[in-house]
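Shared between the two complexes below is chain A, which pairs with chain B and chain C, respectively.
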Partner chain A sequence: MLNKNNLKVWLKSVSLIGALLFANNLFAETAEEKGLRIATERKAADKGWGDSEAETQMILRNAQGEESVREIRTRALEVDGDGDKGLTIFDQPRDVAGTAFLNHSHINEPDDQWLYLPALKRVKRIASRNKSGPFMGSEFAYEDLASFEVAKYTYKYLRDEVVNGENCWVLESIPTDRYSGYTKQIVWIDQKHHRAQKVEFYDRKHALLKTLTMYDYRLYLDKYWRAHKLSMVNHQTGKSTDLITAETKFRVGLEARDFEQNALRRAR
Partner chain B sequence: MQRLKKVTSAVIAAVCSSLSAAVIAEDTTEFELRGYVGAEARYYAEHSHDPMQSDSQYSITAEPEFYWQWPDGNNSLTFKPYVRIDSQDSERTHVDIREAVWLHVERDWEMRMGISKVFWGVTETVHLVDIINQTDTVEAFDGEEKLGQPMVQLTFLKDWGTLDAFILPGFRERTFPGKEGRLRGAYIIDTDNALFESSDKTGHIDFALNWRNTYDDLDISLNWFNGTSREPTIIPQTDAQGLLTGKLTPFYPQINQFGAVAQYIYLDWIWKLEAINRSGDLIDDYNAMVGGFEYTFVGVFGSYTDLGIVAEYGWDERGTDATTPTQNDMSLAARIVLNDISSTEILAGWTQDLDFSDSRSLFIEASTRVGDSTKITLDMWLFNSEDPTDVGYTFTNEDFVQLAVEWYY
Partner chain C sequence: MKHQWLETMVKRPFWVIVLGCIVAFTLAAGAQNLYFRGDYKVFFGPENAQLQEFESMQRTFSKNDNVAIVVVPKSGDVFNKDVFTLVMQMTEDAWQTPFSTRVDSITNYQHTEAEGDDLIVDYLVGEFADVEITQQMIDKAKEVTLHEPLLVNRIVSPTGHITMINVTVQLPDKLDQTADVMEVTASVRALVDKYAQLYPQVDFHLTGIIMMNNSFAEESILDLQTLVPGMFLAVLIMLAILLRSILATVATLIVIAFSILAAMGFFGWTGMYMSTATIGAPTIIMTLAVADSVHIIASVNYNLRQGMEKSRAIVEALKLNLSPVFITSLTTAVGFLTFNFSDVPPLRHLGNLVAFGVVMAFVFAITILPALLYVFPIKPANTGDGKLTMMDQFADWVVRKHKLILPVTAVIVLAISAMVPLNKVNDVPVEYFGEDIKFRQASDFMDDNLQGVSTIDFAFHTNKESGINDPEFLAVVEEFSQWLRAQPTVDHVLTLTDTFKRLNKNMNADDPTMYKLPEQQEIAAQFLLMYEMSLPYGLDLNNQLNVDKSSMRLSIAMDNLGSKEVMDMENAVRAWFAENAPNIQVTAASPSLMFAHIGEKNMQSMLMGSALALVLISILLVFALKSVKFGLISLLPNLAPAAMGFGIWAIFVGQVNLGLSIVTSMCLGIVVDDTVHFLSKYKKAREKGQNAEQAVRYAFASVGRALWITTLVLFVGFMVLAQSSFALNGDMGLLTAIIMVLALVVDFLLLPAFLLVFDKKVYSSGVENVEQKQSESLA
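This part shows the complex of A and B:
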């Protein structure tokens, strides 16, 4: 028979073991699991925005600091369970004004992409594995502008670090798509709002290629943070590109039919 | 032409009057103006057959586009006139209305009424199924430029695809270079005295349907056209005594054409196929096709440059009797895209006729941007043909290089 004291001792030891087990479990989260957890939380924090519209200026700079400006309008539609849909209309330079680019992003297969050439009234389909190519001669590749999806990378938590005055988790992200132009990305995600603050891109030779820094985050609909200045610096060429958005409008009533080939033909 | 002008003005008047009320009512109508003015110089390597023709040719061109959109976003009006003034060829000096069209958009259908342009097809070297708009040959002898076509186009957006139905009142005759122009061959085509199978001549109303759908990586479209052939049969002209005048007359028969288009994306490959069957009381019933692939090497030699390879084969059942040069021809082209700030692109290609072994052509098209809004394009075409029965023989003396500058606003 156990007396009361024995029972107390027994209970204590059980709870101690339990606490130890629990603690052990917590410490057992590997760097990979922690990385995946942060990435999943990042995606979840941005869920439900619906659709959006923005006017963006691209400022391209060469190594000598000479500038060239492009103007684009972008429309985006959140797709549940798959990658987002995006439509980009070019306004500047004027010789490509009216050209429009439609992208149906997918998580586990190549994106579907179309380009509309207004002079020919022709919609051309693009073999979309060409995602590492530069977007409009800028330092942004098509894949840099695609929507963030958890399954597009495998993750590893590296350390904590302060960037842009924010406490950040530093993650190593390795693209799952073997046609990506990168072997690795290092991403700084702030602990307050799960916003990407900085990304380093490593090329196929594993050398540091570009650094992207996000500035001027603003809050929309009390939940969604959008950076209004994205600054990409290419360390190998000395060139850089700034993407500056004046304002993003959310829930403007866009729907799937606004992201079909037919809509591309009359995009304005 | 007179008749077309009437149709055109009637259509424009109808569109303007039906919409002007809406414009006046809403002062928040969105207006946009864009377009370009250009200058072009062309030099021919060889002297022409005809002393009337010159070895060089200069022209200026303008194409403004006026666009109004109603605040509801469901109605818009586009007006796009075009003009070219040529130093040599009075036929190449011409004015056209490329577009004057009212677009109305509903949830699952759209309507376009007025003068507009429609492109069908996927291939690069030949546009077989593309039949709605007439070819503006004086603009580009390779068939890449089109004249505006009066039409009512209804587009139905359904689960089973997109269906376009066209009513095409007002036929446009094909443009051909005049007696002082180059790229016309030895004989002049008399565009002022064209003949038609239909007694309605340019007033014949044509009809067309096009269905298209996308099945994952496969795009399919099927189309039908019934009406005046855009491609004329060229017949020698005779005078009242039945003697040859040395000119050619274009004759536009009535045709019925079925077309099919398929495009399949596999990895970095795009496979393309276009096929037609054309028949009519006054033409041979025939089949023709063009097919091939485009493959892109991304970031060649560790740079940002893309290299695309285009290979296409064109075939026509009529063989060497075909009225088109690509009756049994193989084309190979390389597209180099620098992906730089200036959007520099070079397309170089070579076409070999497999029936006429001496018949081939070589072309280079290169373009780049200078400053913010000026585009410079350099074109070069070299032709070779030894056999007068080959359609390509027309161009054998017409090797040329062309430099164009376009300023966009």
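This part shows the complex of A and C:
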């Protein structure tokens, strides 16, 4: 039943909706365009960090409740126009201590990867399309750890939602590389600082495979936010992996030659 | 006068029927809670040690429930462009299977080789199906696969005539996985149908754990759809012939239907689920419910023919039958209730379900049945009196020849019973399915052509982080793997030591002499790390290693063996480790192993259950017959049929599965009915001063035909169950049907001969028996 008051409210709503529709037609940003805009802003917000170094603990758990802790050190170098370069040195478990992994990531071609094996004192190139594969037996795939590049996905803005107490844009990201292990990612990016708060990964059969949640964001150099805990849960196997970083150091003086093959032997 | 309340059935028939309907339908409403669990895990209670071990191993490594798609080119050769294209397309599509986490085939096998100083890890043929396959690729793949222990006898046959695509699925953890299993099956079947059309020159077979679960569900539903209507039809025909009255038949069918509905509904109210074993329950309840009604209707007919007024005829028939029908229902229920000794939940469910159904059948037979008989315009049927003389002639013959019959039958009973120990407990899940079932055919085919379907997973726990990289540990596993491969029953061994040896060769420029285990822990660990870092999504080593690399899983496939051989293998492995590597903790688990253990364990507990059934039923008989002596005599006809049944089974089959473990308890409860009827008549005649000979004649004349008819009903009922495509239900039905016939033979030959020879004493007359002439119109 419509009484006078209700009628007013109703008329108001109708005119508001009409105005919104009109406005939408005027600016005409599609969901895809909005998604791409947010992704581009995200990349831009993190531009210029240069190089960094961090010590990280990797905690693996299985459905039985068993746990395994691995310790790694990572060094990273920002590369303009391509994927970043990364160097990972393993400290634990002991029998792989000193093993160093070098990765030159690329946007839409396989990464270049080398591994230094201290037991052989030799650098071996790993030639494989393994970006979908697990990193050190964890629930993180290489592609989950690689640097974020706009061209790696196509985007679609879905909705706004609050996650981890932050107002977020929810984006659907579809990998452009067929060798990706995913058909889709749903990413929550906070509107304040363009930080990813949560990511859902959908496998090749379009089923939810994993959820990654970011915790403990800290600000470096007044501009760059880094999450100090990344928590990945595999919904299909019940396994999970946490990546916990104590501290990240920026601009420690790393340069391109520290990320070359023969630098691997020197990496300590 | 006693049992005054029985008058209610004819005085207030309408209220009795309404009340009966309310009870029946209130209970029946619970049936909507029933659901069906088709997975094999229903056979194992949560406390089952092997199930716990199995689930723990799955949580530590990964689940390995699978669908095996066996690809059989009619040309007899896998290594050609057509088949490779097919396998590659199917492999890519198989990743779309719901819940799939891994697909293994010859085309996506992660081949490793040295290239200069680098390690190349790549798909043997390709990841995506749009790769053009060249002869060179095929030649290389042939060379690699036929020499790779990981693949030969598992993914490809040694002659290369068939190949397999293995789809591993991770079903979500929940109690009822039937819907998920059916979803996976539907998807895989659609996949096979698609490629069967595109490649008519190739045959496909589907097997694996998921297909087994699916078959449990699918065949159970088929069973329900055929057995229950079949049984209804059989009962309908028999009743029509026996009762020669449509309305009496209808009344009996209502009692039967109500009993089944009430029992199933009650089961639903208690929150239970249906399973492979309990689908036999409606058939069994139907079979057992018939007897009560038949006895009562027969008495009513007899009374009517004697000229009794209808309501009196019904009340008298009730009074006459109340006690024997109560006792026989009680003994039957006791027999079924001892199923609770079983270690297999569905067998416990079956016992409780049928016991409840039997009690309800008794209740409805003394309430709704007489009320219906009163309301229906029933005329006494004219049953053949000609049979009377036949039964008399038979009694005559037994009396004349009893001195010959006793020793001859005694020797036969003993001789056949002596065969019982030749039975071997054997529970092989694949063999639960008849040979006409596709899953069975597919599994047999794979067993004959590729690898057996009996599997055991062994986990070795070093309890030390990275312990599996220790060269000493690896050497033990390698030696153990070689030992396994030397066993004639072992078809395939999936061991990580093969991978280590291959990596060692690859890292040494593919030098064949370096195909051996790395000699240092660091080298082993770093090779493994390098290999793991090279593997793509879904093809990692999580199925063989735990998270901190302290445990390793090794899987073997064996010929489709009996449960004893599976357990022998487990024990041999434990003995091997006790002798060669006592510091390594070994656990073993697999569905095959679970079934092997449950068969043995359940048989022992059901022997206890059967012994208790015997004691309880004998005590009931002592009370029913009001005589310790006759209670003891009754042991003979009660035990002999089951003993002979298992003896005959030993001669013709020799394999005893879970379904047969309950037969003794069940048969005790049922065959005792014949004995009760026969002995009570015999005793009554003796107490009236007749000698053994006269008493035997009297017993034959009064209940002979009734026994022969109820035996026929029981035989037909269990033979219907014997048509089940499940060996569990089918074998149980068949053996029980055999025992029903043997029971009648024993009651008609051995028991009277025994009484004639040994029961010579003169009885004092005058003891009034509650039972009077009973069921005589049937005699």
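Operating definition for what follows: the second predicted complex is superposed on the first by the 240 of 268 C-alpha atoms of A that agree within 3 Å, B and C clash if a C-alpha of one lies under 4 Å from a C-alpha of the other, contacts with A are read in each partner's own complex, and residues count from 1 in each chain.
Here is the rule we use: a residue touches a chain if its C-beta (ideal position, glycine included) is under 8 Å from a C-beta of that chain, and two chains touch if they have at least 3 such contacts.
The structure displayed is predicted, hence computed values, not measured ones.
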Based on the shared chain A superposition, would you classify chain B and chain C as clashing or fitting together? clash
According to the stated criteria, A:178 is in contact with first (chain B), second (chain C), both, or neither; which is it? second
Mind working out whether A:218 is in touch with chain B, chain C, both or neither, as first, second, both or neither? neither
A:115 contacts which: chain B (first), chain C (second), both, neither? second
Between chain B (first) and chain C (second), which does A:96 come into contact with in this model arrangement: first, second, both, or neither? both
Does the superposition put A:125 against chain B (first), chain C (second), both, or neither? both
Return first, second, both or neither, reflecting whether A:47 touches chain B, chain C, both chains, or no partner chain. neither
Contacts of A:262 with chain B and chain C, given as first, second, both or neither: first
Could you say whether A:133 touches chain B, chain C, both of them, or neither, answering first, second, both or neither? both
What's your read, chain B or chain C touching more residues of chain A? C
If we overlay the two complexes on their shared chain A, which of chain B and chain C does A:207 touch? Say first, second, both or neither. second
Does any part of chain A touch chain B in one structure and chain C in the other, and if so which residues? 60, 62, 68, 93-96, 120, 122, 125, 127-130, 132-134, 136-137, 181
Within the complex, chain B is touched by chain A residues 60, 62, 68-69, 92-98, 120-122, 125, 127-130, 132-134, 136-137, 181, 257, 260-262, 266, 268
Note which residues of chain C are touching chain A in the complex, please. 56, 58-63, 95-101, 115, 117-122, 127-128, 170, 173, 465-466, 469, 507, 520-527, 529-530, 532-542, 545-549
Touching chain C in the complex, chain A uses residues 60-68, 90, 93-96, 99, 101, 113, 115, 117-120, 122, 124-137, 141, 178-179, 181, 203-205, 207, 236-239
In the complex, go through chain B and note every residue touching chain A. 32, 34, 36, 67, 69, 76, 103, 105, 107, 110, 117-119, 144, 155, 157, 162, 214, 219, 263, 265, 267-270, 294, 296, 298-299, 304, 306, 339-343, 369, 372-375, 406, 408-409
